[in-house]
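What follows is a short report on a single structure.
Going by the order they are written in, the chains are A, B, C, D and E; count residues from 1 in each one.
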């Protein structure tokens, strides 16, 4: 089966959803949808042996071959790992949603169409070898996330969250596209594999750092890294299955995938290592620190997700160090890459279950506010067990998968202190310290989440609904995930061999030739108290102590002012984008035609004059001029006099008559310069124009005596002077640089012999350039009907016909 | 048929003249104008095949040799634009029938639309700089008529400004032609392309080139000459707005493309750099406007300005990717703008207002409209695989390869603002709590909706099936990059 | 002979300027109309003299045209003064 | 107010014909001496305007029962079809034909298809000018 | 002569621009009229003013004596077009005054509803 087809399978299935929803409304639409991810999951499972061998699969669907655009599906260890996550968790989420969303009240067809669209998008992202197809699916994930968050679109918070997530992730996507285009220009290919193959040459290119930064912007926004994480908490407005799927397990991991995928290209750069590790670590700290401030169950999980994503991000950054170390596969530097992937799997599993539990709590009690919850342990024992497993895994407690990867994370962070490139030896110590502090907070919020919900005093009076255990169907999915959490702890090396190693080999091709070269043995007990174990114990002790005293110091979070938060920054940006833009626009879009003309004329003469002088185009040449006659001077004076009269005229009539005088002077110029046809036409037209002027303005009232302010007049005068001077200067220069002979000699020579006429101007008009005349009379004709309609057709009297009213 | 390339100009002219005889017979007006547009479309398709098969077509009117008579030239670029213009006009005619109102239909509305098409097609086809002026005037005169058609108060008020600005630009156009004639002694564009390289002192030509940029910039609504556009386009009814938004600025853009690739190439370092900077400023100015107003029409209107900037930025790069991207984007933009105006027109009719703040909840009652709008909005923002994407991709690539690295980043970043402005309509009008709407007859709804859907469908095909169009875009780009093809076709017949 | 033409031209030009002044200044509309009519005559003479000086017959049409226009213009103005409007919709009202 | 304008009316009758004759002359002379369809058209329109001045719009409408919009359209069509005739000979659009003939009374005369085109111009000009003047006149 | 004409043309453009910036509609329209006069004279000037005979074939005139006919033809076209536009503009102004009751451009602010 073609891989590309499989990517599109969910989307194709989505086409039938509205039909199924309408025709088979009795059966929950989710059951039909469930088939799709299950099929995909099973199929992708069958590919595991291939990637275990280091094998890859490629399939291509061309889109625009002329510019090399195609959709290329490419499966290696990394892609397969993600594909399995997407289809596997996707199946569980769909199953969960069947019980979560009511088939009568909800617009299920919309929901599942979005969800399937997202599935396609996500599979596309992780399987694309082609940069542009990667971008295509990337934006599709943003869009489907937008639609899913805004699923309850009558709620203000939903719309706000939807827009926010889209703004930030699409921004990142666009920047990433910029990076992709730069990469493609550098490497002259859109294929990631080919780019990886020529990675060493790329590093020397001017654009290299640019591409790096731009691509990282894409990854950071998608994976909710500091300071772009702010969209993720607001995205929690989505229905909980969506949060579980998109905003913890899959979409937010697209950024991680991107970093992992491009590590082979960018690992050479110190900027990359610093940025990825630093931002990741800071995000880890920031997210875990602020998770404790949250009152909403899903809010806690959102911040926890942010922090966990930071953790994985920092590991990915550290994994790039392997590139710079001799024989890294044999040293402690080998752990980072493995830990990143391992933790990614763990996180997807436990966080998915936790989100589902949060949804269950919400569903069964009607609230997610942790202050109202408590004591649900006895009412919802199964949910409690699942929640505890997930939380303990997140906290890094033994017997759960999270412990293993957390410890490897500490190992990797400790290793950084030994790295002596890119000034890591100076700043390196910071990494384990920050990691440790963040882990303490992680420990606390995990406990906070589970115990403040399920332990403590039950407060039924504060709950909108009578709490009871969820229906069994809703518990299946989280239970499966909880089982996995435990299972991973006991068979980590099985998971490592089949899933993690092939992915690690794809991230670090500079270390390993094939997945079988990855020799990382995961063990819960290393036979001695290692530094990392000591750190873990420290986390438990300090974390436990702080959790014990949580109520005492949690309130100090309120000391953080809201005004300087990043959310405020976003809100400010959004305000700038409407209210601010509106005010700014109001400054110059005044609605006064005069202001517009001032800008336009000002621009015109400034740009033309500066061009004239910058290019030294001004020329003044006295040869080749027609002689100056007495009479020409007189007419010129008459013309100027008439114009001045217009300018100075107080009454309209004077101005109109003076305009006529100017027109007649122009006609006299035509007479003098041997243009009888022009003179004829000008005379008639001037007469008619003056008559029209008089007709049109006969009805006007006396012009108002209010004079314009002197400042305006001076301004107008300066602009006018500028335009006039420009025309004169350019005219002088143009005339002085008559370089080539005119084509009009031809007309003079052939007019009688070939065109059969005597009046050259007329012959040009009806013959040589008759086409002009044809459309000139068309213009006249249009003007005629335009005037007749303008006078005859008056819709204003009939109010309310037009939506402007 | 050596005159084939004139048919897209002459057919609407002929039918428009015929329509003048019986203004009051609405059904005949409707049928004949639609027939005219269809006939024009057919002739353009034939022309397209011809140009594709035989290369650039040129006919020198009146059998006078090239620089002396007026030459009409159809290269791939002009055919593509003529094709898009004709398609849009056809749909505008269909869309007008239920929306424009009987009074307007009885008052030479359809002839005016056809005259506008004459002017637009002529401007796209002509190979003579003064003839270009004449065609500009044809389309302007028709646009004056359409903008004031109906004589409502805002129309009258805004058309004065529109008219004034265009009168100025026409006068400057004439002046610029005079200067050009003084220096080169010719008006034929191909001849100009031959003669300009012979001139060593490029200074004065650079000045003239900048003047032409200003002249065409008035029409194309570049920064800072776009101020007339938002008000003027806001006044007329939606079909007219769609027609203007899709066609008029594009004529200016086309004129800049033609002159700046064919003959004003003597001082690229100055002129095209300037063009690039202006293009970027245009994009930014458009973005501010697109975000500033909560009015569905205004949002799309300002997006016209943004698109102009994007296209010109691509042209300013003068490399293959930039130019081909700009051409693709140009065609895309004409179609998508018409489609968007149709859609927001329906929205405005349903709510009885174009103010976004008074809208909401349309998704419940008109879900299909919502989806179609969303697709169009994403197309506008350049989300792949819709039609805005290939063009923008190439433009960005051109910018990176060219001298204006930062420009490409701006183009990318402003795509976000375009998306925001377009999605805002979706969020406010389609999402949210439903508000009271104006009852609308099913029949007239579909009469408006179907043309819009088909246009959106065309843009989707343009994007997803871009490969079908790439050879055409390539062909058009090739002529722009190698002016000698154009020159040979015109001068050596 | 040429000298004579030139002198005539100068004299008529002076008349022209005077008439222009009257046209602009008024003070009554009747003054303006008379001035306009006389201006037409002056203009005709000027063009005629010019064509004599240049020595071409192609300006004769202009002269004829000018006199026609001047006639119509004066008539229109006169009627405007008398009736307050230029065209009657219907004479028999 | 009825005024006595017999002088005007009588003079107009004569002058109108003079102007029309002159218009025709200038129209036909256009190819060889200054003039042409455009000026001819404007002059014709002035003649009609003169009539309107002397009489009134309704009367003139009765004397010359022409729909000027249609006149414009006819002019456009004539100009267009003259130019388009060349399409049927498969020569470039606008290619004119002319020849010299010896006609009785006129002597050696050239017949030129450009004159036909100019006729179109003439009609359009008359049509448009009169449309404008008539609509404004009626609206007052 | 061309130099003097250049200044005259510049002056015409200047006056036109000045008028167009004022608030009275009629002054604006008069400004457009001056603008087109300026543009027409500019074409004529740019074609060269040196011809000594009108461009009408006549006996005894050598080809080089004719004034340049091409600019004249262009001007003719331009005159007609600006006539059409001016008439349209005038009627528009007339209608605008009927509907809006003013010829003051400052009172004709646009629809830029800066809310």
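As a convention for this text, a residue touches a chain if its C-beta (ideal position, glycine included) is under 8 Å from a C-beta of that chain, and two chains touch if they have at least 3 such contacts.
These figures come from a predicted structure and were not determined experimentally.
S.K.: Moving step by step between touching chains, how few steps can get you from chain B to chain D?
M.R.: The distance in steps between these two chains is 1.
S.K.: Starting at chain C, how many touching-chain steps does it take at least to reach chain E?
M.R.: The least step count works out to 1.
S.K.: Taking each chain's centre as the average of its Cα atoms, which chain lies closest to the overall Cα centroid?
M.R.: B
S.K.: Could you quickly compare C-D and A-C and let me know which has more C-beta contacts?
M.R.: Taking the two pairs in turn, the one with more contacts turns out to be C-D.
S.K.: Computing the C-alpha centre of each chain, which chain sits at the greatest distance from chain C?
M.R.: Relative to chain C, the chain whose C-alpha centre sits farthest away is A.
S.K.: Please indicate which chain is farthest from chain E, where distance is taken between mean Cα coordinates of the chains.
M.R.: A
S.K.: As a quick test, compute the distance in whole Å between the mean CA positions of chain A and chain B.
M.R.: 27
S.K.: Taking the mean of the CA coordinates per chain, how far is chain A from chain E in Å?
M.R.: Going by mean C-alpha positions, chain A sits 49 Å from chain E.
S.K.: Express in whole angstrom the distance between the two chain centres, defined as the mean CA positions of chain A and chain D.
M.R.: The computed centroid separation for chain A versus chain D comes out at 64 Å.
S.K.: Two or more other chains in contact with one residue: find those residues in chain E.
M.R.: 16, 20, 38, 40, 42, 45-47, 53-54, 56-58, 70-71, 76-77, 80-81, 84-85, 87-88, 91-95, 99, 105, 108, 110-112, 114-115
S.K.: Can you tell me which residues of chain B touch two or more of the remaining chains?
M.R.: In chain B, 13, 17, 20, 61-62, 69, 130, 134, 137, 141, 144, 148, 151, 153-154, 160-161, 164, 168, 172, 175, 178-179, 181-182, 187, 230-231, 235, 292-294 touch at least two other chains.
S.K.: What are the residue numbers in chain D that touch two or more other chains?
M.R.: Counting only residues that touch two or more other chains, chain D contributes 26, 32-35, 38-39, 43, 46, 69, 72-73, 76, 80, 93-94, 96, 128, 132, 136-137, 140.
S.K.: Touching pairs of chains, which are they?
M.R.: A-B, A-C, A-D, A-E, B-D, B-E, C-D, C-E, D-E
S.K.: What does chain B use to touch chain D in their complex?
M.R.: It is residues 1-3, 6, 10, 13-14, 17-18, 20-21, 23, 59-63, 69 of chain B that touch chain D.
S.K.: Write out the stretch or stretches of chain B touching chain A in their complex.
M.R.: 13, 17, 20, 61-62, 64, 67-70, 72, 101, 103-104, 107-108, 111-112, 115, 118-119, 122, 130-131, 134-135, 137-138, 141-142, 144-145, 148-154, 160-161, 164-165, 168, 172, 175, 178-179, 181-188, 191, 195, 198-199, 201-204, 206-208, 210-211, 214, 218, 224-225, 227-228, 230-231, 235, 237, 267, 270, 274, 288-289, 291-294, 324, 348-349, 351-354, 361, 363, 378, 383-385, 389-390, 393-394, 396-397, 400-401, 408-409, 412-413, 415-417, 419-420, 423, 427, 430-433, 464, 466-467, 470-471, 474
S.K.: Which of the residues in chain E come into contact with chain C in the complex?
M.R.: Within the complex, chain E contacts chain C at residues 53-54, 56, 58.
S.K.: Write out the stretch or stretches of chain C touching chain D in their complex.
M.R.: 58-59, 61-62, 64-65, 68-69, 71-72, 75-76, 79, 82-83, 85-91
S.K.: In their shared complex, at which residues does chain D touch chain B?
M.R.: Those residues of chain D that touch chain B are 69-70, 72-73, 76-77, 80, 84, 86-87, 90-96.
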